[in-house]
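Both complexes below contain subunit A, partnered by subunit B and then by subunit C.
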Partner chain A sequence: MRIRRLTVDYGTALLILCSLGFILPRLLPGDPFLAIYGEEALLNMTPETKAAIISSLSLDKPLGEQFAAYWLALLRGDLGWSYFFQAPVLSVIGAFLPWSLLLSGSALVLSTLAGFIAGVESGARRGSRFDNFSFTGLMALGGIPDFFIGALLLLAFAVHWPLFPLGGAVTAYGGKSGWALGADVLRHLALPLASLFAVRLASVYLLTRATVVGLLGSPFIRTARAKGCSAAAIRYRHIGRAALLPIATTAGLHLAHLFAGVLMVEILFGYPGMGALFGKALSARDYPLLQGILLVGTLTVLATNFLVDSLYPILDARVRKTCTSATKQQ
Partner chain B sequence: MHIRYKATITNGAGRRGFFVLCFWGAAALAAPWLAPHAPDAYVGKAFSSPSLQHWFGTNDVGQDILSQLLFSARTSLIVALSAAGLANAAGLVIGGGCALLGDRADRTAARLIDIWLVIPPILGAMLAAAYLRPSPVLLAVILAAFFWTNSARLVRAQTLALKESDKIAAVRAIGAGPVYVFRRHILPEVWPVLWATIIHDARRAVFMEAGLAFLGICDPTAPSWGRMIQQALAFTYLDAWRWWLVPAGLAVSTVVVAFSLVGYALETVQNPRLAAHPEVSDAADR
Partner chain C sequence: MLQIDKLSVLFGRQAVLKDISLQVRPGETLAVIGESGAGKTTLALSVLGLASGARTGSILLDGRELVGRGEEDLRTLRGRELAIVLQSGGEVLHPLVTILDQVAEAVTVHFPVSRDAARAKAGRMLADMGLRAGRQNEYPHRLSGGERQRALLAMALVNNPRLVVLDEPTAALDPRSKAEICALLKTRLADKAALLITHDLGAAAAVADRVAVLYAGRILESGPCRDVFAAPRHPYTRALLRAYPDMGNPKDLQRIPGRTVRNAPGCPFHPRCTQKTAVCAERVPELKPGGADGRAVACHRGGIIPCLEVTGLGKSFDSTPVLTDIDITLYEGETLALVGESGSGKTTLARTLMGLLPADAGQVVLEGNTGIPRKQFYEYIQMVFQNPGEMLSHRLTVREIVREPLDVHGRGSAAEREALVLKTLAEVELPADEDFLGRYPHQISGGEAQRVAVARSLVLAPKIIIADEVTSALDAGAQASVVRLLLELQERRGLALLFITHDLALARKVSDRVIVLQQGRIVESGPSGQVFAAPRHAYTRALLDAIPRVYGY
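Our next item is the complex of A and B:
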């Protein structure tokens, strides 16, 4: 019942977002061809390519058929043709995706872990100096936009003290292999990773702390103390265990912010992932590529959220219980 | 729900946030009188360092950075206030309206809200903004189109709960219409909850405006902190970033942090369990 409801919700959301890609260029004044591909593209195009694109998008047909053609192309996995790279959008994205996955994946794992531990420690000692200090500090840190933290790190540790490279993911023509290559990749990863980590750390910390504080007075914690459990056991095996689920789910639900953060940080550091590609597409006004990147991002985020949402009752017995009783009542 | 608004301001964090917001609000309002130059006028040598004439120096084409900072506060706060205002007005009307009408209208609207909630606002707004290259006001409309669901859900839940109460039944029995009931009896109860989402939406809008401008998705005629950071980054090999990039970044950060502080203070006043009172802390604190 719940799954079916969720599928309809997510399916409709996906339809709306994909249709935006159809509606937006046609909302702009003038020729939709111009809006979809941009003026610069038009100048660089041979008449044959133009004719091929027009017939593939059915731009010479009525609006209904154009819509059908748009959806058929999407279903085939055809996101359009990137005139800037002279290649299909999907294959361009595929070439840039791995670096983004490396960056965002490690940022997600590291910040969730560190934020969780800091949140449990701080929440369990609510009101202590450690708690006040980390709460104020991280709250301020969380308000700083990722691109500004990144810019400061870049200026401090790459420009002022050149400890880390200015940009890129590996030293070009470095001719390194094995461990040296690995170290090189890590050195390039350090600053972008640090900026994403810093911003996400705060949000995980604040959520964990709030959850922990909410749990502090519960009877099962009192029982644990009465049994004589050690402070560490109470923090991690009781409070931490109970707080884990909301944190795991919001880690999934905050993926959209991570994706946007990755775009900005990658542009900043010239990291060759989706963000750098997005920056290129923006400055070249390569609209099909731009739309492709955002669609792939949205699809990833929606798929993850759907998974998290539908796994939630399996992970948390309490939700499962309320769900079944709610269905019975209906 | 009754909240003591004064408590939000006397709360240390809330007070600091409130003062920072007042500072930027005043700067934005008085920008034409405070700013020594027009933000887009070429008034000096390129890259001059801070001096009495140009407190924050000049940028790569000789525009006064202080004036740009002040006028950017306008853009940022206009987007924040109108996006938050629009989103919450829409939330109030849709959420309250469908809860009062009930039945089929309510079910349809609730479903629509559920579906809309699934869309990540940050990505939806980016997609729309990338095509439309919006002016500040249009950007506020786009952001509001993705933000309204939060307040709609809250207002609907509150209204549904209140609708069943005895006092509303009594007022309805005297013959009050739904609009009157909503305005006189439901709105005052819903306000406090709405304040929190207004602040939250404003914070997100400031961040989105700066972020989109940083990506280059903005109206080139509207000065923006995000765009200042983007432009300054091209000249990292000079010293100009110290009085160009850093003040702009600090401006965005202080506004965003100030909104979160005020929001947090509001939440604490509404839900005192979250406050950091040492005497309440009872477990695992050894």
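Our next item is the complex of A and C:
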């Protein structure tokens, strides 16, 4: 029941968002061709290419047919032609996306895990020296923008003490394979990951700590103590368990921010991910590519929200109840 | 067995529990009753070391000292040897875990058993508590209050502990769930030592063997449950019972005057007590055992004092006995109803008590004293008569009527007397303006006249008022307001009322105890609830059957 409702909700959102990609260029004053491809691309285009594009987008047809053509293309995976890379947008994105997923995915997982544990430990021992120290430290860390931390890390560990490479995702023409390649990838990943991790860590930590402190006075904590549960069991099985829900919610919400953070950090470290691609597309005014990147971003955010929404009932039985009763009423 | 000795718990500088000494033997349930803020929950939590306050004194469980034991050490005892059923409500159960798993956790925490074995054990215990298998895999929010209470009980009992502490296990339950939980507790706690913390006197009576009354962190009274509830010795215990609506007590609910004063010097209850003396504010009364009956009371005055003790009173008119062998004890702050038909000797008894008629035999003792001089006697005991129209002199104004006793006893200066007259009139809710003060009895209504009579009897601040058919001449409205007034004075001043009436329906509403008089003899006496609900003597039944009923049922 719930899954069906979620699917309908997200399907609708997806339809609307994709359609916006069609509608927006046509809402702009002037030629939709211009709006889609931009003036500079036009200058570099031969009349033949232009004609091919116009016919492929059905720009010479009525609006209804244009819409149908747009959707057909989308369904085929045709996001347009990147004239900067001289390749289909989809394959360009396909080359860059995995690096971004590696960077932001590991940043998300590691920071959530570490922030959660630090938050639980800190909150459960509120007022202790450990708590005061980590609270102050991470609060300060959370206030610094990720690209600034990135710049500092870069200066310190790649320039001053060249422990890590300056940029990139792998050593170009290194000819490595197997374990060596893996180690090389990790070495390149370390600094951008550290700067994303640091900022995300603070926000997860602060949220977890606040949630845990709020839960400390809950009657069920006293029940757990009365049962004879150990301090660690109370911290994780009882408090931590109850704190998971808000953490999951904000982790989902933060993904959009992480996406933005990734852009800056990738540009800074020259990491060949979506951020770097976005930067290139922007400076080259490669509109189809930009649109494609935004579409992928939107899809990522939608997908994570969907994931978090599907997680809710597993994390909290009370959500299960409200959802089924709401569906029953319908 | 649990032995608590001189336990005090301090939160900062605030002592929440002071010198608590209690014993609970195996197989015994001790109820600790009291109002919110008395320290009940702190006591419950302190036993397990779950209260955050600092403990001093000693808590022995089977000879092992619990105070000062390390947290890790206590942890291994909690849930295994001493368990607590925490106050239900809010999220006392983890909202995200099924009941079965929560009960099973209590097993796995202490014993190296598999998860499945623990679940099986938890399932059996839950079933024993009346939670069938289909409900055991539910989350707390899907259970009713009664089911949650059963789950908490199962969690406490699953490891078969020696001592169980229960904190308000019946709070917020509907009557049927409450009755079921009480019955369950009665059987389940039979082989354990149990400490039942509750403000629900009914639950305490249903489950406990003994009871201790907690007030402002101190125990004021303890004893066998049945005895303490039937005949409370401490004024606070009685006040608590009077404030509790019970099917067996037909008297109107009565407030406990004043409010709890924290850290009052001396007896904690003295700011609200109506029989306090100077020593009550100075020294803390010890909880003294009162003999072989297992009862103890912490009161400098030895408990509620008997104001009036009459033994073997007899009176004859021309060798016709009118009163024979009358024994009456009237306690401070209680209403004793004296009922019987006309000619049963009620008024004669009142007049003999007041010394208006000489007694032929017997003794009248006032607060332990005999042979009190007449004048002093009337400062202690006053009477309000049947017909205010006849009782009040029609030659005196309202002011003069109320002031006369002060004049007779030579109390204070003229100004003080005047002030006292005004204050007393205000107390009986009469106007104290010049117009009213200057009126004569025939110029005021019957209800007002009766209030003037009450004011007159109150102005000397007596401890006892004998009210002889004080409302029989009044309509129901005026009667209700005079009766309410007397009961309020009882709450405020601890007035003892000997309420003489032939109206049993009225007696039922105002009295704590009742005496039935037939032809000058006491044929039945006892707590009002018992006498009116289950009269033993045929004469009492006849009197009750004769009452016409408005509602026909």
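To be clear about the criterion, the second predicted complex is superposed on the first by the 263 of 330 C-alpha atoms of A that agree within 3 Å, B and C clash if a C-alpha of one lies under 4 Å from a C-alpha of the other, contacts with A are read in each partner's own complex, and residues count from 1 in each chain.
One rule holds in what follows: a residue touches a chain if its C-beta (ideal position, glycine included) is under 8 Å from a C-beta of that chain, and two chains touch if they have at least 3 such contacts.
Model, not experiment: these values are computed from the prediction.
Upon superposition of the two complexes on subunit A, no clash is found between subunit B and subunit C, which fit side by side. In the superposition on chain A, contact of A:Arg126 is made with subunit B only, not with subunit C.
Angle at the C-alpha centre of subunit A formed with the centres of subunit B and subunit C, after superposition on chain A: 70°, rounded to the nearest 10.
By the touch criterion stated above, A:Ile16 is placed in contact with subunit B alone, subunit C being left untouched. Which of subunit B and subunit C touches more residues of subunit A is settled by the count: it is B. In the superposed model, A:Gln291 makes contact with subunit B only, not with subunit C.
Looking at the shared chain after the overlay, A:Met139 reaches subunit B, while subunit C stays out of its contact range. By the touch criterion stated above, A:Arg222 is placed in contact with subunit B and with subunit C alike. Of the two partner chains placed by superposition, A:Leu307 touches none, neither subunit B nor subunit C. Remark: least CA distance from subunit B to subunit C after fitting both complexes onto chain A is 7 Å. The intersection of subunit A residues touching subunit B with those touching subunit C, taken from the two complexes, comprises 222, 225.
Chain contact summary for the complex, subunit B toward subunit A: residues 13, 114-116, 118-124, 126-128, 130-132, 203, 207, 210-211, 214-217, 226, 229, 233, 236-237, 241, 245-246, 249, 252-253, 256-257, 259-261, 264, 273-274, 276-286.
Subunit A makes touch with subunit C in their complex at residues 218-220, 222-230, 233, 237-238, 241-242, 315-318, 321.
By the touch criterion stated above, subunit A contacts subunit B in their complex at residues 8-10, 12-13, 16-17, 20-21, 24-25, 27-28, 35, 124-128, 131-132, 135-136, 139-140, 142-145, 147-148, 151-152, 154-155, 159, 210, 213-214, 216-217, 221-222, 225, 231, 234-235, 239, 255-257, 259-260, 263-264, 267-268, 278-279, 282-283, 287, 290-291, 294, 297-298, 301-302, 305.
Chain contact summary for the complex, subunit C toward subunit A: residues 45, 48, 50, 75-80, 83-84, 86-87, 89-98, 105-106, 109-110, 139, 141-142, 152, 155-156.
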